[in-house]
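Next up, some structures in structure tokens.
Both complexes below contain subunit A, partnered by subunit B and then by subunit C.
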Partner chain A sequence: MNALPTPPMQGPSPLRSAPATATGNRARERGAALALTVHVTLLLLVLGQIVYLASRHRTRVDLTSDSLWSTTESTRSLLGKLDKRLVIEAYFSPKEKLPVNLRETRVWADNFLDEMVQLGKGKVVVQRFDPNADKAIADRCQRIGVQQIDLRSSSSTSVSVDRHWQGLRLVYGGGKQKVIPQFGPTSSFVAEAALTPAVKEVTTETKHKFGYMEWPATAIGQQTPGGIGWNMLRTHEGITKRYEFQNLKDEDGALLPAEIKTLFLFRPKDLTDRQKYVLDQFVVGGGTLVVLADAAEYAIGPKRSFSKLPFTIDAAGSAFKFTEQLLHYGIDWKLKVLADLAQPAYMPRDRMTGAYEYLAVPQQSMLGMVLQWQPYPYFFHAVAQDWKVAADDLAKDEHGKVDTELAAQYRKLFVPGMPSDDFLFAPFKKIGRGPGFYWPTWVGLRQRTGGVLDLPQGIDGRVLLWSSPAVLVEDPPQSLDPLGSTDARARLENLQKFNTKLMERFRGEPRQQAPLMVDVRGKFTSFFAGAERPKRPSEIKEEEAKKAEAAAKEKEAEAKPGETPEKPGEKTAEKPGEKPAEKPAEKTAAKPNPDEIGPKPPVTDNMLTEAPPEPAMRTGGDVPGRIVVIGDADFLRDDLVRGDYRQAGGPVSINGPPFFSQLLDWLAEDRDLVALQSRIPEDRTLKFVDTEATPNMDTRLSEQTLAGKTNLLVTLNVAVPCALLALFGLLIFGVRRAQKRSFLASSTQ
Partner chain B sequence: MNLKKQNLALFVAAIALAVPTTLQLRSEAEIFKDIASIPLLFDGFTSDNVGTILMGQPKKDQPPPDPQNPDQKRPIAYDQMQIVRTEKGWAFAPILGQPPNELAGAPVSKDRVESDIFAHLRAIRVDRDTIVQPNANPEQLAEYGLDDAHAFVFKLVDTTGKNVVAELFVGRDAAAGQQGTEAVRGVFVRKNDSNDVILYEFDRGWRRDVLTDQWLDRVLAKLEPDKIHRFSIRNTATAGTTFVFERKDGKASWQAVDAPADVGAVRQMEVENLIQRLRWIAAQDFRKPLQHAGNLAALGLAPAQIEIELTVKEGDQDRVIKIAVGNKVDDKNEYYMTCSEAQFLMTWQAGYVTTFELDAKAKLFDPPPPQPDKPPDAPRDDK
Partner chain C sequence: MRETLVVFRRELKSYFLSPIAYVFGILFLVVVLYFASLSSLVQGSQASMQPFFGLLPIVFLIFLPALTMRLWAEERKLGTIELLMTFPVRSSQLVLGKFTAALAYLAFVLVLTLGLPLTLGAYGRIDWPPVVGAYTASLLFAGSFVAVGMFWSSVTRDQIIAMLLSFGSLIVLYALGYPVLIELLAGWLPAVVVDLLNGISPYKYFESIARGIIDTRDVVYFACFCGFFLYANALVLRVRRLKG
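So, the complex of A and B:
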């Protein structure tokens, strides 16, 4: 046997090492796969964490120019002023159980509540309760007024009702609460609009008190006993939670109580001298008088007859005129009716959906009967623009030539429609117009001839709202019905005739702006100074009774000529059959009335004591008073605010309610909600033709101008990008061509 | 960077992010408040430990300050009421230093103690996040009606009389000055040893007063008629004779014990009607303890005008209830009464009394049966 020596193994044998290499590769592959799996898992984990945390801690940047998505100063200042704890109990169902539409609102609600907590700096606490998880909480919801949202879902085999909750209760200082039964904001603005006034309500501890007197309008064709008043806004929940109104219309004309600092007169009429005296003493004593004045009363009714009803400012037999009284204080109230012929003044804010704000007529269209707005210049608003811009247009003659001298004069005279920067007008300036007025009247400042202000000494005044310079001032006509027929075609013809007539009259009238709202303040002197104080009706009756008594005595004395007057202390001898002269009071005491039944009531001390004498007339004020006169009362009247004539085509006062609410805040100098109420997005639509500024402009011309400008813009929109692209292409082409040339040139060398 | 390093970096990042993620998850998990998790003001309070309850309402007219020392703080004068737990239930107790209480020892309504004291003490919770006014100063306490001069006080002492179990000050109504939906239905409260003002809201009303007649338990006995197995009555109409009725061996029918010879069978319906009238024995008024009642004969109670005795089966034992009715109270439609259930001179409504003024012999028994020795064909008297 040849035993060949076997060389020692040097390194791994190929026969033995092959399986080992395969195993190593597999291990490496497994390791790599594991590492990759771990990598992917970790990556997913980290990404998930980042996404989750980012969704909870997001940062928002409000890029809108009007800061539409940021909390307003109202919310910030209200929450900053809290001196007690505001607890917001949120009765919410879990978000994951909500249907999709509610889930979105929950996001807004949660975000806004969190923002309130941050702004409250420890004074605002939000607690979330799930009523579906605890019956005690559901019972509490029922007790406090949070309402559930029951959503029914059904399939072919089952019907189920899912109960959800999304209501809030705000409790301030433990003593006052406000419940929002269902809270489903669709944006932060909606959330703020609902919550901030609620915060204001609960934090209002003492309500500002307003007095009022009203003279209801005649209700034509309506079941409104007592007429149509101004009750709706006064009793609106948002107002009654913050303000208190007290009716001070006293038949006996008692002077106003001292605690009343502001008095509203809703369309005064038939004012007696005594009532005027009461108002005089109120403003001389430092009160604030707000007059919503109408020069005439026009019936509206279901048929919109617009005919004048009997209406007088002063009661029959009154010696003093209310207009003269106001003139004494520096206010010039002309008993005229105004019509503004500038289109921006009489056009509703939204012609399509709010055509009924002024006057619309139902007309047949492709979509069926629709309300189409029709121009009616007696219903208009102040426009927030400087009317100097219309000077040239208004100074044009028949041939369209501008009278430069006249235009310069107009530029001097004309003022902005809403010149005041008071917060009352801030939201209205944003929408470019004031509230709509209906048959308004002229209320301005007292002037001398030549238009020079002639305010009493120590009185400051300003006009807060002006009409456009295209105003027509006239005595209240008997009828202002522009339609006059039930036939649709005839109505439009009548309307056209009506407006043509107005336009003709306007051409002959001077261009002027009519003041629509005025504010005077200062130490007023009494209108009744030097005159006898008007007596109360009860005083007059008492005096008449005394006179009658004296006359009766006299008559009685005349009837007994033989009798000598009784001397003091001497008793007159009674003749048989004759009755002694008795005082009327004694007479009544001695002779019981046969109609009286039962024992007489005992005479009490209260009956014996007379009412305290009225304070002497204040002839001059120690404290500054204030008078605000608005040249319209209809825009706040119940029927217009309620929208009674909406179906018929108007008028409906759309901006009256917010104006009244702002007016109350303005009078009470409460600015808390101003920023919120003023948050109205500015109209940023492109206006190609400024036709509204020129009342005389032919509409066909304006349409042509508009069409021309629109076409030009469309052409530019198409042509300019195309031209730019072509230019870019040419540039590229040129550059490449140059590169090619240089390359070819270098290669040939 | 190779995969290993990348994984390491990712792992570190995942761990780092896990901390805020966990915190966030935890905070979201607690997003809804569980009412049961809000601590109770009197944690661990149980009515079983309470032996004495003292209630105090500050008097409207507080004594004037001492003119010699006007700066000295005067103790607040209270209208007080104290009730103690007795074997029979809650009863009025005299208060040291106060004028003697005529009703001391009179029973107190257990239901009212439960609903107007214990239920509220068990329900008040104090949420640190929503305390109306933490650590209020004296002016703030006065604003909430929680200062000594205005707060209604509940003081509960244990059965040993040594330890105060709970002491609660109740201030003004939260809804004061508010109306309608604006009003919060609750009161401000605080513990004796704390100045934290808490708003306590409750679903039902909370009567807080120290008027003893409002707390008095006028119900002397509530009986189940079928458990009454013996009933006796004696009144002026029975001429001193006591008529005794029994239900023997669990039977439903009543039998007369030692019935007079000249009466017939017991009228079951009439007796049952009387028993039904006694299922709810309630005094109209508690006058004074019997030992201070004076001459009972003058009130027609010695001997009594009407005496009623009931034996009621309660478990294995018999409970005997004795009622004695005397003369009519002047100017009132009530009669003097004593009852073995309360050692007080009481009054009973006339409506109940007249029921028992009946002639028992005539009303509770049938007429005697006809004489059996009379021949059936004997001529009748009317013929």
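So, the complex of A and C:
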């Protein structure tokens, strides 16, 4: 043993302070025991007090990269902005009487409410009520909508139902209120996700209003009358509580009301010239137009036929094309369908549990019937990666040799799939991908030949989402069904053939990235400037009626020539079969000169009883407008959002709803819940076997490979540390033995 | 400090020179790594060390009394404690030296489990900061168990009794952090007492740090908990010293 240092001075001890007289051995022992007890008790009290104080004044550091256990900036800023008192009435039955599972949630609820009080800086007050203690409170709970939780408990002799309460009512400034009937968070994350939007809801004075026009999809093999629209999302509680939607698809093509600042077009089709004019005047007037565009409509239905349905963007007899109108504003919408052949683009986020996101086929496995994901490049998403990295791969020839010149060219050309830093994309960038699109179309910026941007003067534009450089662009084919059979084996063979054909095309076509979403802003000029203003259907009807009336009068006059003398020229001007000429006053009222922005047309007697005259055409904007075009509308379709085809193997739009919700916030520039919505934990999925690299690998073989690798990893993880420890031990024993031997040898010498 | 360091070195050396430590280490590693690997290394699951850190308190509960039982009881049994007491070292320094040596040994064993997070990191994106936090929490948690085990070892001469006493007290402390038991107690104890009992369980504080939150409350608790039992241990030694 090592030499020990000199003895230190012993400090005062309660044990030493006991008297050491010869007569008082017993008394000394008693005194020592008493001193010891007092000492330990005091120590316990002091330590208890320290722990208590530490729990009252604590500091937390959340080490998780995703800040899973911390309040987000959303909650902090919302509570920091309160200008009135927010009362949170907590209808909680006593904690000690709660069953275990509820008690855990109570801890989280209490902690989160305490945190809200602290963040509220006096503006947040939590009032606690026990409905079990007072019938009046229980009655109030039922009146306002707080729900009781009835749980059955039984003993050997009795069965009883225990009533518990754990609901909240938020009252802001004594006015707006919101009830959370049952509040049982299992973590601070869940507590925040429930409470912060509720706070936002009660503190929002006025709802942002969105207008919309929709053209429902055709329902295939379903009972849904009138097709499939976009109601599912618009009417979602989380959205309707914060935003208001107004249907503005007016059959008469009235101009949009001034209070509408943003208008959604859910898959425009059969657009009349008048509707196009309404949209034109809206964007020229400074409105924000959001178009969810599709180049074609494909049937889905439970049988997933994927065949093209009759679909035209412009109504029959239109003089103006909507694509040309968008091109005028700087947006190039090519009526093409896109397929992205880069694997990260068409891979569902979770192949194990969310194989139905794009296309899966039910297959028999050892675990029963499972959905097996299948590659189908017409369903894909933008990938949050800089595609420059793929330049070398894409510049390889058939023998795998990289064409360095071509690769350098690609490096210049290729851009990141999600180049924007807007908060709309923040949560999606976190998961490395954008929302899934289904048969998307090309929506980019207007360009001259040679790829040079050609935006109108005073207009700025940017592409927000790009496909990968492995995209195929084509006119919408009649069928995009990759399976084409009910027989399982035939389906897979068909799918393989389908994808082989795509690969063949891929080899023969140049590499390019397709734009999937654009945002264009600035002072737009009217697409209709210089042209005649398209009339409203009612105007056309009215004119026709007037013409018919005039014709009838003329006919009558012809029958009675003496009563209404006609000017000689009038009769000759009208030829049989020709439309009657309009009266000058009518012409002024119904068709103002498109360039005329000034005095109102003279008021006729007829107009005094009708709606006020439409304002003259705006040819140029004084206020900047905005157009956002997304190259897909299917991802927000009710049937895809609802998951109608989940059992059949998809598609199901998993990321569509959060994207739409974020889109609304982005358009309304409401950043309050951004931090909360972008709180998506990073994907940390384990992949021992990269099944993505070999998508057509036999299932059984794939399972065997996986099981083999997992077993090997488990064995290595257990055996290697044990072996290391054992080796270390052997090494120590070896050294010790050698030391012993040499010692013995030296001592014998 | 110097004295503590001397005791620490002596104790640590004795760990690595004794085959028991290796047997203990290998058994501990096999149990904890086997079950944690089975739960963690699953294709498609998230790269998380939660199964490992969830299992650790139970494994500590079983293994640590076996490790700590010999700390004082063996010295008493072999009679080396008398020799130790004659050394010019304070009782508190002796206790602290033995305690830190036990912790260092446990830290060494825990380091050997790093293969699991490395594997998870190789096949998925493991979040390292909470893992580091959880390892620290595990050491603090182990420290509290070692402190309790050492205390019981100082009280009795028999190693088995020391082990049973520490196992019993640790299981009670551990269970007090469990909601099921607390619910049972809530039926016939006042709420204040139930909360107090729940508040003394190290498990409750371990959960928080193991999730990736460093909370001053938890750190203070572990410091106080270990401090109390180590102090009690030192008191027992002083009494023995006085009694001669």
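Rule of thumb we're sticking to: the second predicted complex is superposed on the first by the 561 of 749 C-alpha atoms of A that agree within 3 Å, B and C clash if a C-alpha of one lies under 4 Å from a C-alpha of the other, contacts with A are read in each partner's own complex, and residues count from 1 in each chain.
Here, a contact is a pair of C-beta atoms (placed from the backbone, for glycine too) under 8 Å apart; a residue touches a chain by one contact, two chains touch by 3 or more.
Not measured: the values here are computed from a predicted model.
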**Prompt:** Looking at the overlay, does A:125 come into contact with subunit B only (first), subunit C only (second), both, or neither?
**Reply:** first
**Request:** Please tell me which partner, subunit B or subunit C, touches more residues of subunit A.
**Result:** C
**Message:** Tell me the contact category for A:133 with respect to subunit B and subunit C: first, second, both or neither.
**Reply:** first
**Asked** Which holds for A:50: it touches subunit B only (first), subunit C only (second), both, or neither?
**Response** both
**Request:** Identify the partner contact of A:555: answer first if only subunit B is touched, second if only subunit C is, both if each is, neither if none is.
**Result:** neither
**Asked** Touching A:688 in the superposition: subunit B (first), subunit C (second), both, neither?
**Response** second
**Request:** Would you sort A:732 into first (subunit B), second (subunit C), both or neither based on which partner it touches?
**Result:** second
**Request:** In the overlay, answer first, second, both or neither for which of subunit B and subunit C A:42 touches.
**Result:** first
**Message:** Quick check for you: in the superposed arrangement, does A:63 touch first (subunit B), second (subunit C), both or neither?
**Reply:** second
**Message:** Under the stated touch criterion, which partner chain does A:713 make contact with: subunit B (first), subunit C (second), both, or neither?
**Reply:** second
**Request:** Starting from the residues of subunit A touching subunit B, keep only those that also touch subunit C in the other complex, and list them.
**Result:** 32, 36, 39, 43, 50, 94
**Fill in**
Touching subunit B in the complex, subunit A uses residues 32, 35-36, 38-39, 42-43, 45-46, 49-50, 52-53, 56, 84-85, 87, 92, 94, 125, 127-130, 133-134, 136-137, 139-140, 143, 145, 171, 173-179, 201-202, 241
**Fill in**
Listed in rising order, the residues of subunit C that touch subunit A in the complex are 2-3, 6, 9-10, 16-17, 19, 22, 25-26, 29-30, 33-34, 37-38, 41-48, 87-90, 109, 112-113, 115-116, 119-120, 123-127, 129-130, 132-133, 179-180, 182-183, 186, 191, 194, 199, 211-217, 220-221, 224, 227-228, 231-232, 235, 238-239, 242
**Contact set on subunit A toward subunit C in their complex** = 1-2, 4-8, 10, 13, 15-16, 32, 36, 39-40, 43-44, 47, 50-51, 54-55, 57-66, 68-69, 94-97, 99-100, 103-104, 350-353, 682-689, 706, 710, 713-714, 716-718, 720-722, 724-726, 728-729, 732, 736
**Asked** Contact residues on subunit B for subunit A in the complex?
**Response** 3-4, 6-7, 10-11, 13-14, 17-18, 20-21, 24, 28, 31-35, 127, 129-133, 144, 174-178, 181-186, 188, 197, 199, 203
